[in-house]
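In the two complexes below, chain A is the common chain; its partner is chain B in one and chain C in the other.
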Partner chain A sequence: MSELNVESRELEGVVLLYPKGFVNAHTVRLFEGEIQKALDRSQYQIVVNCAGLTYIASAGLGALMGVIEEVRHNGGDIRLADLNETVRNIFEILGFNHLYRIFPSEVEAILSFRGEGEGGGPGA
Partner chain B sequence: MTARRARPAVVLKVPSRTEFLAVVRDVTRAMAEVAGFNRGAAEEIALAVDEAATNVIEHAYRRAADRTVELRYEDRGEDLKVDVVDNGATVDPKAMPQVDLARYATERRKGGLGVHLMGKIMDSVTFHRTARRNVCCLVRHKPEGAAGGDGAEGADETR
Partner chain C sequence: MSTPVVFQYQQALDEFRREGREPPLLKRMSELISLLDLTATLNSTLSGREILDAALLIVMGELQVSRGALYVRDPAGGFRLRSARGLPPGAPDVIELDEIPDRPKEPAPPVFGELGLVLVCPVRKADRTIALIGLGPRPEGSTFGPQETGFLQSLAACAATPIENGLMYDELHRVNKTLSVKVFQLHNLFDIGGELTSSLDEEAIKRLVITTVMGHFLASRAALYLLGEGGLDLAHVRGLRPDESPIRLPAEAAAEAEALPGPSRVGDLDSGPLRDALTRGRFGLAVPLTGGARVSGLLTVGERASGAPFGDEDFDYALALARQAQAALEGARLHRVALEKERQDRELQIAQEIQRSLFPRSTPTVEGLEVAAVSRPCHQVGGDYYDFIPLDGGRLALVIADVSGKGTPASILMASVHASLRATAGTTPPAVLLERVNRFLCASTQDNKYVTLFYAEIEPGSRRLSYVNAGHIPPYLVRAGGELDRLRTGGPVLGLLEDAVFEEGKVVLGEGDLLATVTDGVTEALSPDDEEFGDARACASLCASDDNASSALRQLVEAVEAWTGRPGFGDDLTALIVRAR
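Right after this comes the complex of A and B.
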């Protein structure tokens, strides 16, 4: 059973993360590690494409919350795209939909960073 | 209203290892669907029970991998009750700080969301200790019309 793998790539200065599987207490370190790699490179514009994310427990939500202050303090953000119904519902139960910008598609999430600093600046 | 039929309890015991949380989730979701909850509600209940089992592994057992987490599912007709039982250290959930999402990020916290989530999803979350065992009791009522798995449409309510 594939529990979680996280691929990443960069587009127009935005780091794109693709978690595939589920994030809970068992897999959260991998998820955290991939976010941390971006921060270690001083890349603070991050889109988590949730198309392959089947489920996220509080450990995963905590991982997002644990770094968001640092990310925003550095002028960036973590934005989410393409959530399935289960994941979206979990976000809404906790009110995370008020704390994070959620987009229907990855493209919209990437474009939302345009004009917000070094990653995908004006005219990019 | 027709009487809702209670069913015998089902007991699941899993090792206190996080790789078994996926099993807990799958079984819980199936039990909730058998009890008459629709898929969305069953997913929520599975998440709440996953969180309770995670708390046992991380706090009561402090990640010791050689212990057992017991889950007892009871369809009581009007509701589904899930007891999550351990014989580890007693953890007082009231001692955990309340989650204020507006302040949570600035406090750079990571924990505490699980209990908060359980409370949002379930109608009742209680903790007690009996015979040297800790019991976290989770209850979710079935909405009107849920037939307790007797063949009618599932409970169409998510939080």
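Right after this comes the complex of A and C.
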């Protein structure tokens, strides 16, 4: 029962994550794990492309909240792109859109990191 | 703000004006066009805010005033300011009126007057005032005449339905949003509930609870403390900056958490170590986890990223989550305990099998001797042991022993004794043999593990018996004539003193003599009044028997059973009896 898979790639020093399916209490560890892999490589500029994200439960939002201090402390950010209506509504009713920058497209999200340092790692 | 239709009317009116028609009529027509404009504008918009703004602006424009306010009846009482232009700073959000006007009033009641509003006009719908329009003075000192107030009433009448619709739309929107949040939260409780009840991995449960609570409150940190030996120990934490170390709770915090009535804002806690620690850790909410009457843990949540304070609804959610977390953690703990118990049972069963294999399968037949023995462990794995070892020349070695402890360690020690005796018995005199076994046990066993043991070698025919008693209950030698000897010669228990020296005792069994060796399960068997069976009763039972070895044994066991009043015993019971024939 594969409810979620997360592909990732890197472009211009930005880590792109592509969650596909549901991020819920059952699948959140996989989602967290992919984010953690980027942090373990000291990559703190992250874009989550939500085009394939059908639904996100509070466990999934918690996974983003759980690392944001560390990410921003290291000069990076997690930005979101290409949200479907369901996910956008969830973000709006909870006020998540005030805490994270959300972009209509992945390209805009990647470009938003330009001039914000490279990777944001402490040594960068 | 004009619509094409209104614009056409305006052009027609301009034409009349150029032709020098009656001014009052022109003015009335101009007002009608304004009403039309208002209706068209208000009907083309839906959001409450836009409707209210448009209504106020149109009224202000038509009556040429530079100050205006629209107050809307608030469900909570009074009228709430929803749109304003040109008001002085510090205008109240909600105003209360003793008397709600049902027609335009000039001068306006003092609450309006203080804001520089000279006229108040009610917006009425079905005999009810749903809003109040307050207006500042007309330009150049002109007043609101009957014509102006009449026109204002018409404007208010046209605006009433759109304003009501707009308010309803806003309310629906708000309710809908609240409902969406509730649905989302409910969905989340189901989501995490399903996952928690199916999980038996304590680490995964802690992690999930933390992640979910952070996602729910959009808080960037949360921690879970669980009750341990030293109080509330940190079990899991998320969201700390890399340069931060997690906050540990002082020992007194457990009692403070115990006293919490339920989820509480950290700012509301009584001052003390708990509040200090949580404030230092930048936590805003503390949720006790209660199992039964006792607090089993504390879930702490950082302040919300939005800065919104934690309210009653948040407490409900936190409580529901804490209960689920507590139940899941308890379930996982019980599962772990059950697994551990199962492992111990399996280990014990193996120990039992090892031990059983150490006892001789049958009693030996030796010319001129009857031999009988019994051993009944009271635990699954006891510490008693006996053995018969056939030696060269038809000789037989008898062993009875009581190893300290129970269970697996006892059975391992017993196996060592068994193996070392079996390997060396008959190769050296008994005293030397036990010195060797003692040294071996001292080297191979843990401190404070020891064995009491009686070892004897019997020659068939001559029935000469050489023995060594290593700290064991002295065996009873009941002579055929009735007198009693105890076989005490030997040395200390085995396994404690490496250099212990043992002495060999010798006796000859005469015809009809009975030799009985027992463990403390016989002599220390307790009556219901906690009185020991003792040497005297053991001797009495043995002396009373002049039958063969197995009946003497049976009588002894029955006497002990009768003494204890129970079919089982308080300790292992082992006895070995030899009768010379």
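List of remarks:
Heads up, the rule we're going with is that the second predicted complex is superposed on the first by the 116 of 124 C-alpha atoms of A that agree within 3 Å, B and C clash if a C-alpha of one lies under 4 Å from a C-alpha of the other, contacts with A are read in each partner's own complex, and residues count from 1 in each chain.
Criterion: a contact is a pair of C-beta atoms (placed from the backbone, for glycine too) under 8 Å apart; a residue touches a chain by one contact, two chains touch by 3 or more.
Predicted, not measured: the structure shown is a model, and the values here were computed from it.
When the shared chain is aligned, chain B and chain C each come close enough to touch A:Ile93.
In the overlay built on the shared chain, the residue A:Asn74 is in contact with chain C alone; chain B does not reach it. Looking at the shared chain after the overlay, A:Arg29 reaches chain C, while chain B stays out of its contact range. Of the two partner chains, chain B and chain C are each touched by A:Ala63.
Across the superposed pair, chain B and chain C both touch chain A at residues 24-26, 57-59, 61-63, 65-66, 68-69, 89-90, 93-96, 98-99. Of all the residues in chain A, the ones that touch chain B in their complex are 1, 3, 22, 24-26, 55, 57-59, 61-63, 65-66, 68-69, 85-86, 89-90, 93-96, 98-99.
Within the complex formed with chain A, the residues of chain C that make contact are 177, 180-181, 184-185, 187-188, 191-192, 194-196, 204, 207-208, 210-216, 218-222, 238-243, 305-306.
Interface residues of chain A facing chain C in the complex, by the touch rule stated above, are 24-26, 28-29, 32, 57-70, 73-74, 89-90, 93-96, 98-99. Those residues of chain B lying in contact with chain A across their complex are 18-19, 21-22, 25, 40, 43-44, 47, 50-51, 54, 57-58, 101, 104-106, 108-111, 113-114, 116-117, 120-121, 158-159.
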